[in-house]
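In the two assemblies presented below, subunit A is common to both, partnered first by subunit B and then by subunit C.
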Partner chain A sequence: MIASLRYEFAMQLRRPSLWIVYGLVVAVMVTVLDYWSLDLGVYEVSAPKEAMGVAAQIVVTLLPIVYGCMLADRLPRERVLRVDGILDATPSGRTARLIGKYAGVCAATAVPLAIAYFGRALLYVFVEGQPSALGWAAVTFLASILPGLVFVGALAFAGPLLLPPMVFRVLFVAYWFWGNVIPASLMPTLSHTVFSATGEYVRYGLLTPIPPGYGRASAVLDFLRPGYTPATAWLWIGVMIALAAAVLSLVRLHASRSES
Partner chain B sequence: MKPVDLWRHEARRAGLPALLGPPVLAALILLLAAFGTRLGSREENTRWMLMGALEMGVPLLSGMVAATLPGRDPVAELRLAIPRGYRPALLRRLAVALGCTGACAVAVCAALMASGWWTFAYGGAAGQLVWLAPALWLAALGFFAAAALRSTAAAASLVAFVWTGEQIVGGALADNPAYRLLHLFATTSWGSDGWPVNRLFLMSTAVLLAVAGWLLLGNAERVLRGEPE
Partner chain C sequence: MRIDVSDLTKTYKGGARALDGLSLVVPTGMYGLLGANGAGKTTFMRILAGLLKPTSGRVVIGGHDLATAEGRLAVRRTLGYLPQDLGVYPDLSARRFLDYIALLKGLHSRSARRRRIAELLEVVALSDVADRRLKGFSGGMLRRVGIAQALLADPRLLIVDEPTTGLDPEERIRFRTLLSQLAGDRTVLLSTHIVDDVAQTCRSLAVLGHGRLAFQGTVSELVSQAHRQVWTVTTSGPAPAAGRVVSALPEGAGMRYRVVSAAPPDPYARPVEPTLEDGYLALMDGRAP
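After this line comes the complex of A and B, so read on.
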């Protein structure tokens, strides 16, 4: 497992296109969006904790699209290159290889995302002179961004097994927009629920107070949108990890079926 | 080989997903138009979603198709060596896939106009620019990115990011005159104010992107040195 994790991590991290795409995307975020000012025209950011929360919100709204699309071709790769038979003949177990590959690919694809986020935190430290921002950035990243990436990573990793990669990418983008970004009142959607991967529950339940004016009209599926409390924040983290484990178990089951 | 055989071959190379996606989207839009009210959606909401599906769904499909198709030739060496060239073959493949998308979009537009759902200020042939301009722009971006980055995943990621990013920043940058020219979803975001100029600007920049992609694909060595899987 460790060997396949290390290999997949290094392979994905050395893909030039990964860095080019993330670079272009972050350049757009910096020039077009308010990734510098972090106020988005809505927030009054005075404390490092809130600033890091807004930075997390911007990063987690836009960058998981790139994260998901860039790792969507990794699982079918061995079949496409026809090396799956050789890998199956090695003494390493299928489950260990699958988990190692998943962890390695996801970790490598999240590296540029983490650089974009912690880079902003570092800049905040120098500009505002508040070193505590780095600590808050680490906490926010671990609690509010990482669980979402664990789930989205499992989804994008497994999706191309069932669908051709092109169809999967279209559906993934549509899912991200429908299930995580749009306002809940527009149509029945998973966005702003405990199944949404944007980490809102941890940001507002555990870390920062809900910004003023952040009201929600009543919408369909509101029973999936409990209030922001520390308990629901932990529930969200649990849901994300459980969903990722469920998706990976399905992948393993799929592999066992194709074995026989 | 007769021309029709060449076209048939490229249709097969485009693949079923690229050819079946547009009819499925068209069917979903028509189903929403027919049953939206019965599902409990308000009329204005349904109207916005129908235009949204046309202006956003069709470009997403065409952008992804254009980003995916250039990088799918396992024997590219052979294709690059034949006298008729690689680029015309690729163009045929894209024309088949995007033509299918276009035909479905025209049919949906005609159905919406005939059934009274279409209340946008520009109708008829000009109304087709609702989907055509953003679809061409995203397709050109996907084509250019696939040629420049030589990686399907990277090109698809860029198309996906631009598509999502444009939806998110559309409201915030409504007063920026430069952005008003380049916004892909001007119909559903802002309505008909400055709409023709936006559409013309999108189409002309799409041509520039497509020409740049075409020139990049002319370099056979570059095409062969594509990113390993």
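After this line comes the complex of A and C, so read on.
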């Protein structure tokens, strides 16, 4: 498991396209989405906890799309490269290898995202002179971004089981906007539910105050939108991890069924 | 390590029957596996390596039954496998690729791993390019990487599926010699289309035809299949009509043909000593009708 984790991490991290695509999207984020100012008109930018919350909110609007798309071709890679024969003939367990690969590939794909986030936090420390922002950044990343990445990573990792990677990517982008970004009142959507991967349950339930008037309009699927409390924040983290585990078990099940 | 195969059948999804009631005993040592394209050699080897489940039949390797998960694991621990359609990670260097496979094979000590990899890179003559990416390797170089990875964990059982295709003659001879040196107290199962590779390295062999056992025995027994069936004919006329022409060499104004045929293909044909290839062809011809 550790071997697969290490090598899959290294191979994914060294893909030039990973850095290029992330670079382009970060550029969009900085120029269009106020990642430079961190001022969405809700909180005081000078409050480090709130500012790091806003930074997280902006990061999870677009970067998970890159994260998912870069993950989408990893699962069938051994078969495509025809190394599966060699790997399967080793005494290493297939489940362990699968989990190691999932963890390694997801971790590598999250590195540029983490750099974008913690880079902004560092910049904040220098500009605002508040070192506590780094601590808040770490907490916000771990509690509100990471669980979402764990789930979305499993989803994108498993995607090519059903669809060719290119088709999956298109659908994944559509899913991301539909299920995470658009307002709940627009159409029936998973946005702002506990199944949405953006981490707002943790941000508003545990970390920062809820913006005034936020999420009041009633919408379809509102039963999936309990209020923002510490309990629902933990619930969301649990849901993300459970979904990831479920998706990965399906992948393993699929693999053992097609072993013949 | 002895391999006992009984009544092994493999039918692929879609109905292709690749193995059809194959029963075979492979003793310790170097063992050749011959057969035409599509005869079932790769299917057989993938089953032995635990990559493919047979439709029916039983395989016991060194006392481990492949039908059980423990049996397959025990075999994998002592297995070196070189697949026919070998692939690698193009973005890793040869050394890093071998390191990854060594880790998967359970060589956990870093220093032991390093030593073993350096040793094997030397054996397959890749030390100079060990730190280059595999992306730039030629087909023959990749094969040698494949051979090195198969040998990593000092396997008791070595399954190599057409390892010499794509190697130049020198490299091919070096490699088959290496295999037979390795054999000793190990079992090396070598499949190939190059009959000479078997003739030069194996004492016994099996021939597969359409998923069944066409022959099992020693090299000299297969050679004797062509006993008094190999002829040379020198003629300036047309090629002999009877039998199978094995070679044709220009000689003076005419041609000298080597022919495998039960009866003399020509009144002036001279009998000659058969080779393993002649034996193989005689066997195939004898089965064809």
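As a working rule, the second predicted complex is superposed on the first by the 253 of 260 C-alpha atoms of A that agree within 3 Å, B and C clash if a C-alpha of one lies under 4 Å from a C-alpha of the other, contacts with A are read in each partner's own complex, and residues count from 1 in each chain.
Here is the rule we use: a contact is a pair of C-beta atoms (placed from the backbone, for glycine too) under 8 Å apart; a residue touches a chain by one contact, two chains touch by 3 or more.
What you see is a predicted model, and the numbers here were worked out from it, not measured in a lab.
In the overlay built on the shared chain, the residue A:Pro164 is in contact with subunit B alone; subunit C does not reach it. With both structures placed on the common chain, the touch criterion links A:Arg252 to neither subunit B nor subunit C. The partner that reaches more residues of subunit A, of the two candidates subunit B and subunit C, is B. Residue contacts after overlaying the shared chain place A:Pro16 against subunit B, while subunit C stays out of touching range.
Within the superposed three-chain model, A:Val28 lies in touch with subunit B and out of touch with subunit C [touch as defined at top].
In the superposition on chain A, A:Leu81 makes contact with both subunit B and subunit C. When the two complexes are overlaid on their common chain A, residue A:Leu62 makes contact with subunit B while staying clear of subunit C. In the superposition on chain A, A:Ala3 contacts subunit C only, with no contact to subunit B. Residues 15, 81 of subunit A lie in contact with subunit B in one complex and with subunit C in the other.
Note for the complex: subunit A touches subunit C at residues 2-4, 6-7, 11, 14-15, 81-92, 97, 259-260.
Note for the complex: subunit A touches subunit B at residues 15-18, 20-21, 24-25, 28, 32-33, 40-41, 61-62, 65-66, 69-70, 72-73, 77, 80-81, 164-167, 169-170, 172-174, 176-177, 181, 186-187.
By the touch rule above, subunit B contacts subunit A in their complex via residues 15, 17-18, 21, 41, 45, 49, 57, 60-61, 64-65, 68, 149-154, 156-158, 160-161, 163-165, 167-169, 172-173, 179, 227, 229.
The residues of subunit C lying in touch with subunit A in their complex are 13, 46, 49-53, 73, 76-77, 79, 81, 83, 85-92, 96, 100-101, 103-106, 146, 149.
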